[in-house]
Amino acid sequence: MPEKTEKQIVFDKVKDTPPLAVSLYTMDYNKTGSWRNVRPVIDYEKCTGCMTCWKFCPEPAIDAEKYEEDGKEKYKPVIDYEYCKGCGICWVECPVEGAIYTEEEGE
Amino acid sequence: MVEIRLHGRGGQGTVVAAKILAAATAKEGKYVQAFPEYGVERRGAPVKAFIRIDDGIIYIKSKIYEPDHLVILEPALIGVIDMTYGLKEGGWIVVNSNKNPEEMKFDGNFKIATVPATKIALKHHLGSQSSPIVNTAILGGVVKILGLCKLETLTETVKELVPIKEDENVAATLEAFELTKGGE
Amino acid sequence: MKTEIVKKYLRLDKMPTVWCPGCGHGIIMGSLLRALELRGRSKNDIALVSGIGCSSRTPGYVDVHTLHTTHGRAIAFATGIKMMKPDMSVIVVMGDGDCAAIGGNHFIHAARRNMDITAVVYNNGIYGMTGGQVSPTTPYDAFATTAPYGQMEPPFDIVELALGAGATYVARSSVHNVPKLDELIVKGIKNNGFSVIDVITPCPIAYGRRNKLTADPMKNMQWVKEVTVPRKKAEEMSEEELRGKWITGVFRDVEHVGLVNLYIELEEKLKRAKENKGEEA
Amino acid sequence: MRKVMIGNHALSYGAKISRAQVIPAYPITPQTEVVELLSEMCANGEMDAKFIKVESEHSAMTASIGASATGARVFTATSAQGLALMHEVLHWAVGARTPIVMGNINRAMAPPWTIWTEQTDSLAQRDTGWMQLYAQNSQEVLDSVIQAYKVAEAVQIPAMVILAAFVLSHTSEAVELPEQGKVDEFLPPYEPEYRIDPANPHAFGGLTGPDGYFELRYQIQKAIEDALPKWDEVGAEFGEVFGRKYGLIETYKVEDAKNLIISSATLASTARTAVDTLREKGEKVGLLRIRIFRPFPSAQIRSILSSVDRAVVVDRNISFGASGIFYQEVKAAVYNEKNPPPIFGVIAGIGGRDVTKKDIIDIYEDIMRMDEPKSDIIWKGVRL
């Protein structure tokens, strides 16, 4: 079985087509960020790190980034704008007023 | 090539009888075919089984219409259904019956032999009162009259193939071999 | 009354039946014929549909409109008949494999849709016709040709299955309690939705012989008596005591118009609406 | 070790000796003895395999595909209505390239209800991509299961080993059980290149648009064509190891034959005895038995037909609205030859009606009296 690769493989000839329908590459190249009109932005001053947005994001386009703070491991949400579709669930579900606000695309 | 047709009743072991005879003759190097009447067998309903024995590969794959010999496991069928159709002139009819061969009437020029298979089967507790398993008994008579294989090969095969009561079945075969009348 | 029913409903030229000595199927067929007589409808208004297996040889012997269809699909065929002939009594006879294995999908959907047909399930917990393989109602630990060391899968409870899927009349009896069986089949046919009557019946040759009952019909009938428990009595029995038992009685009997008749009502309503509009215009 | 057994059990022993690992099956007359024996051997440990009691034939094939996709060697068996119920997923098994081997007992289709033999059930699946092997006796049934796995797993295409209901399935014949050690050498374990493997996860069977589908299907046809020489190779190798040689076809007394009887399975077996009798009467006749129907051995058939004056194909099947199916395929194989011989199409034995040696002789003598084939179907044995 050929190794999975990051980039999109185009099956041109029969000889480089696998004998059966099998996924050999990732869909990562398929950046869905271009789908959104409005994008969420996290105000880390207000963000408490409760990671509610991380749990709810259906893509998932919010990564849980680990960092050290006075000796303790902590997480904070980081939005991956290459894939965020701007669906709005994160800013609706965020329990802290203003911790996630929105901006028009293209501003 | 020898072709034989067996007549019995569902549950008497007619099909198994053909299979045992085939296995016994095959043990002595023969090529064989044994098959039931291809139909919906039901306990109690009349049943037929067939067997072909030859020295080479048997290529014919069709029914038997003119058997060389006949084996009747269920005497009650005599006169009820015609069993001698197609039987070759001078063929043997080995019948499960307590009577002597002379008392048996079949229209046609056939040689008759009788084996008290039911009596023997019940004596050795094979099957039940209402449906005795007479196949291993009657095979003793068949081998005595038609030869086909050595008695030891037959009893050896009976021991291997009968699902239960191996010794009783072998005893029935041996006793039937002795009590068969008509081969003189 | 007895012999007239036999002459009236049986295709005597098809006798004798193919069922082995001691098989319960003939008892169920008898019960079905008495039910048809009690309902009193003309033979031309009755359709009897079956799938495949010993149970499904029944229509061959009964002098009404009969269909011997493919394995597990009797209900699908019957649905087609009922849709086009809504005022006919459409009765389906199936084995346990027919109904709950290969035909399971049709069974639960007919129940969900409350299809106005009556399903009589000949439940002997084995595939008899093909020589004794395990079926979806083979009791736990029982023996069959494809369970030579005991069935490890728990069986379906046809009644629970029918209740869960929404059938409006669900009952169980056995060939040991024939008067009750007659009554349940009559009520099942009368019900204007999907009726299920699960009937516990013995299979001496394929099941009995392999499960310490021998092929003796009496021992098998005795077994049917032992494994069936009326609902009232079952309420006082512990779960342990009820293991391996089938509870008999009526489990649901509610009045909902069957799907086909709903269609008809809708058609009439629309026709009336169109006519009224016609008058106004 | 020589053992007298019914054809059905030859299938079961074939699966056992081939070390099948998963057997999903549903009972249907006349196949039940196949799965009963397998279920017994799985339960008593004679086979290191899982027997799955599924709820219908559709599930039997679907479970087979799932099991095979994990890299297991899978066996199942069915007949007529059951095979028809599998149709949707017979296609799937080929597209998924799962080399399942299935025994099919040829039985006529209903209605009316019948349990007797006819080839239409398996032949009706000829476009699904499954390879099809028609056996003439129980020894060939057992041997063919082993060979079928070897070919199927080499080209990753499933194969059916097909035998006639009752005429073979319930007929006891003496069968040589090949020695397990030799079979293990002949048929190494199945190691697929693509399989469901948690260590190397992939998605299988995904949506493939017009840009990729054609190449995938082209490869299936290529794989089945590659199987043509493979069947002969594997059959010859089987001959060297076990003493019984097999191939795509089998010929009998064709070297100097002017006329040819072409048939398959048990009809061809009986026809062989008719050829002997006709030869004694001075007829220059030979027999061509087509053993592998898919992939269809057109080239070999062309070469044999190039030297005969006329041929008669005896079919125990019918493609409604056309003719016998072996007849169609043989005629098509020689159509573009310079001067192909006239080919007569006979249909006999439908629904298990018996076909005797005398019937074959009558068929031969009838077509010899005709100057040319006047219709695509010459009926033999139907009471007109």
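By written order: A, B, C and D. Residues from 1 in each chain.
Please note the rule applied: contacts are C-beta pairs under 8 Å (C-beta built on N, C-alpha and C of every residue); 3 or more make two chains touch, one makes a residue touch a chain.
Computed from a predicted structure; not experimentally measured.
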| message | From the centre of chain A, which other chain's Cα mean sits the farthest off? | response | B
| request: Write down the chain pair with more C-beta contact pairs when B-D is set against A-D. | output: B-D
| request: Name the chain with the Cα centroid closest to the overall protein Cα centroid. | output: D
| request: Please compute the C-alpha centroid of chain A, do the same for chain C, then give the distance between them in whole Å. | output: 56
| So what's the Cα centroid distance for chain A and chain B, whole Å? | 80
| query | Any idea how many Å lie between the Cα centroids of chain B and chain D? | reply | 35
| Distance from the mean Cα position of chain D to that of chain A, given in whole angstrom | 53
| task | Going through chain B residue by residue, note those that touch at least 2 other chains and give them in order. | result | 40
| query | For chain D, which residues are in contact with chain B within the complex? | reply | 2, 4, 115-116, 136-137, 164-168, 170-174, 266-267, 269-270, 272-273, 352, 354-357
| query | Okay, in this complex, where on chain A does chain D touch? | reply | 1, 4, 11, 13-14, 17-24
| said: So in the complex, the part of chain D that touches chain C is made up of which residues? | reply: 26-29, 32, 35-36, 39-40, 43-44, 51, 53, 55-57, 81, 110-111, 113
| message | List the residues on chain D that touch chain A in their complex, please. | response | 95-97, 156, 193-194, 200, 202-206, 208, 211-212, 215-216, 218-219, 222-223
| request: Quick one: which bits of chain C touch chain D in the complex? Just the residue numbers, please. | output: 68, 70-72, 101-102, 104, 127, 129-131, 133-134, 136, 145-149, 153
